[in-house]
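Some structures are shown below for you to check.
Here chain A shows up in two complexes: once beside chain B, once beside chain C.
Then we have the complex of A and B:
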């Protein structure tokens, strides 16, 4: 048994080990993986004195229950999933001490979708292709290539810094989950020309709701009008449905609409390609936001230019840079 | 062939070499992605060739999107003129056609299929004008197939049948995708074949299974130390087997004694276009000795 570890008493809904991902293998069908809300994982790591890319846990909707074998420093960020230590509530976005034998659990979710649990020293599962992230569809990385189960004993690395208890990120430095009025910015493109002008306008005018089929691979939306296609003779090899294309790569954040009915935004565990047309791509600055959306939550898509996307990206870079000053 | 460039958000450039599938489009896409790799452009993080298109992922904090797009466009003329020849390999894939596992799965999802009263094989044989399933399987297993893309999920090859276009097998995808497909299913949708590397969702028609894993996340299977076997440009050949050989192969893989049949071969698109049957005969001769 590892010197430092925690035991999974209850696994939560789909708690996985994630770091900042596994770039470089998308051409072989292996997606980036890693935290869906990267900002939240980085903030949690900074709070406990870990490097940004240390592996933590991503808990979705329902928190796990973990018993620690050794003293540790822990911080929870992202979704509003209030942590409890031996039943006593602890603050979010703040490093707190856990003593050997104590149990970390969570109250019910109050906002957002994914909480990040950073532990000093990081989760020390073996690196696979340069990352500890779990890619569950390919049974790769993380803890045995899967979400945690009750009884798992998960190893922790040795802490590199001492102290840090009580470190907190002030509220104005956080990015809290939004309850309403969520707008996701999209750069139209890819196969945007395949739908009519009316459908193009309707996509951005309609309010969409997150469908229950929303996971690390992609988020599905419903409730908007069906998109009409510009008529064409289907190209050889594409397949007969007007939403079919000759199978191509799928960008992260790309929005495919099979049959023209329910848009799917691909996320960190994206399928790397396939035969459905895409109308555009969610800008990099808004990918984290999607990871915090709950089923049934209403959202609107907003059309932006490439310049807008780069400006938004700079805002996110500045937010990250500010973490250094605030923590 | 008209090449189209588009930004996929602020981190991707998507290049559609042609709207329709052809080996000419694949080779142009492959030449362009090779040129990008060899140029070693700072800020390019992923280079993903696909059937008739490709995608570049980049860091816009390192290279301006428009500058990268201009650079990509600069590779186009040379790619078009490049020699369409590769040094590749032919890999034999044993297949148990009409196996019990895909049959059980396709029965479970019958209401999502165009023809709920037929199996996928019966349907595919009919819409491709074969008199029966046996002659359809014979055609599927007769010619080599070209791996024109790897992706969707880990290590999954998209395969393109090396015959004249009017002889290529074409089938629609399921009306609605299945939520389950057995691991190592031999599938087909549009003009593309595939081998499902993992169990999961899928929309392709299902014809059989191979006992030979093509992806091993644990890296324990002797020929899968690099986790997966296929690269774009590989050529594969299906060989029909019976249940007995299927079971024996599964056992050999578990025992670590199975060695896949892989032979290096050159492939020239011009030679194939001029004489498909003759080129295929040479490929099969290389494989079967």
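Then we have the complex of A and C:
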């Protein structure tokens, strides 16, 4: 057993080791991976005195149960998944001490989708192509390339800073889970002309609901009107369905609509290319937000310009910079 | 004493393993620890809702294929 570690008593639904990801290999088909809500992971790391890119755990919908072999400092951020230490509820967005032998568990999810568990010293699994993030579809990185299972003993690194117990991010610095009125900003893309004007308008007017199968690969939505395509003779190399194109790269955040029926926003574990047309791309500032959407949650897409997208990115950067002052 | 059992995670609730198959449990049935009460589908996987307490199932709060939130009441148990 590693010097510092935790043992997985119950794994939760799909708890994975994630850091800020593995950029630079998408052209080889290896996705970014990393936390679906990067802001929450960075905040959790800062609270326990870790570097921003230290590996933590991403727990989705259902929290794990972990027994610690050594004293640790832990912070939970992101979704409202209330942590408990030996059964006693602990605050969110706050660093708390865990003594060797204690068990960290979670109450039912109250809001959002993904909670981040940062532990001082970070999760010490081997780096693969510069990242400790789990890419489960490719059985790469993380803990043995997969979600945690009961009985796993997961090694922790040595803490680099001392103390920090009780450190908290004030509520106005957090991003609470939005229950209603979620708007996802989209920059229409290269294939925008493929759908009719009516379909273009309908896509942004309709309310879409998160499909239960939405995951780290893609967030699928349903409930809006089927998109009609502008008739054309399909070019050589494209499939016969009007939603097919000649194979192309799929950007992170791009929205493909197979058959024109259910939009899928490609997220951190996405495939890198294929033959479905993309209506546009979700702006980078809103990708964290998608990672916190629950099944059946209603959302609307909002059309923005490149200028709007860059302004939103600057706002996000400023919010991250403010973390430094708040923690 | 009657108590309400909550959904452990969000998703779509199913009372049977597949369409056309008999329900795992009906109202009035006896429930033993470890019995499957239903399934919750999320992220392409079906998580069984397993009884952690024995008793008699009094009533369901949700229908087959209903969307459920974590913490939402699923059924009442006379434990």
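Operating definition for what follows: the second predicted complex is superposed on the first by the 327 of 327 C-alpha atoms of A that agree within 3 Å, B and C clash if a C-alpha of one lies under 4 Å from a C-alpha of the other, contacts with A are read in each partner's own complex, and residues count from 1 in each chain.
To be clear about the criterion, a contact is a pair of C-beta atoms (placed from the backbone, for glycine too) under 8 Å apart; a residue touches a chain by one contact, two chains touch by 3 or more.
Here the structure is a predicted model, which means the values were calculated and not measured.
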{"item": "Contacts of A:7 with chain B and chain C, given as first, second, both or neither", "value": "neither"}
{"item": "Chain B versus chain C as contact partner of A:137, first or second or both or neither", "value": "first"}
{"item": "Which of chain B and chain C A:317 touches, first, second, both or neither", "value": "first"}
{"item": "Larger contact residue set on chain A - chain B or chain C", "value": "B"}
{"item": "Partner chain(s) touched by A:110 [first = chain B, second = chain C, both, neither]", "value": "second"}
{"item": "First, second, both or neither for A:61, with chain B first and chain C second", "value": "second"}
{"item": "Which superposed partner A:294 touches (first chain B, second chain C, both, neither)", "value": "second"}
{"item": "Partner chain(s) touched by A:214 [first = chain B, second = chain C, both, neither]", "value": "second"}
{"item": "Contacting residues of chain B [partner chain A, same complex]", "value": "6-12, 14, 16, 18-22, 45-55, 57, 60-61, 65-66, 149-156, 158, 165, 170, 172-173, 177, 189-192, 197-198, 200, 203, 215, 217, 227-228, 231-232"}
{"item": "Of chain A, residues touching chain C in the complex", "value": "13-14, 60-62, 108-110, 212-215, 294-296"}
{"item": "Complex contacts: residues of chain A adjacent to chain B", "value": "23-24, 26-30, 128-129, 135, 137-141, 145, 187, 189-190, 192, 235-241, 244-249, 251-254, 258, 271-275, 278, 280-284, 306, 309-310, 313, 317"}
{"item": "Chain A-facing residues of chain C, complex", "value": "6-12, 41-45, 47, 67, 69-71"}
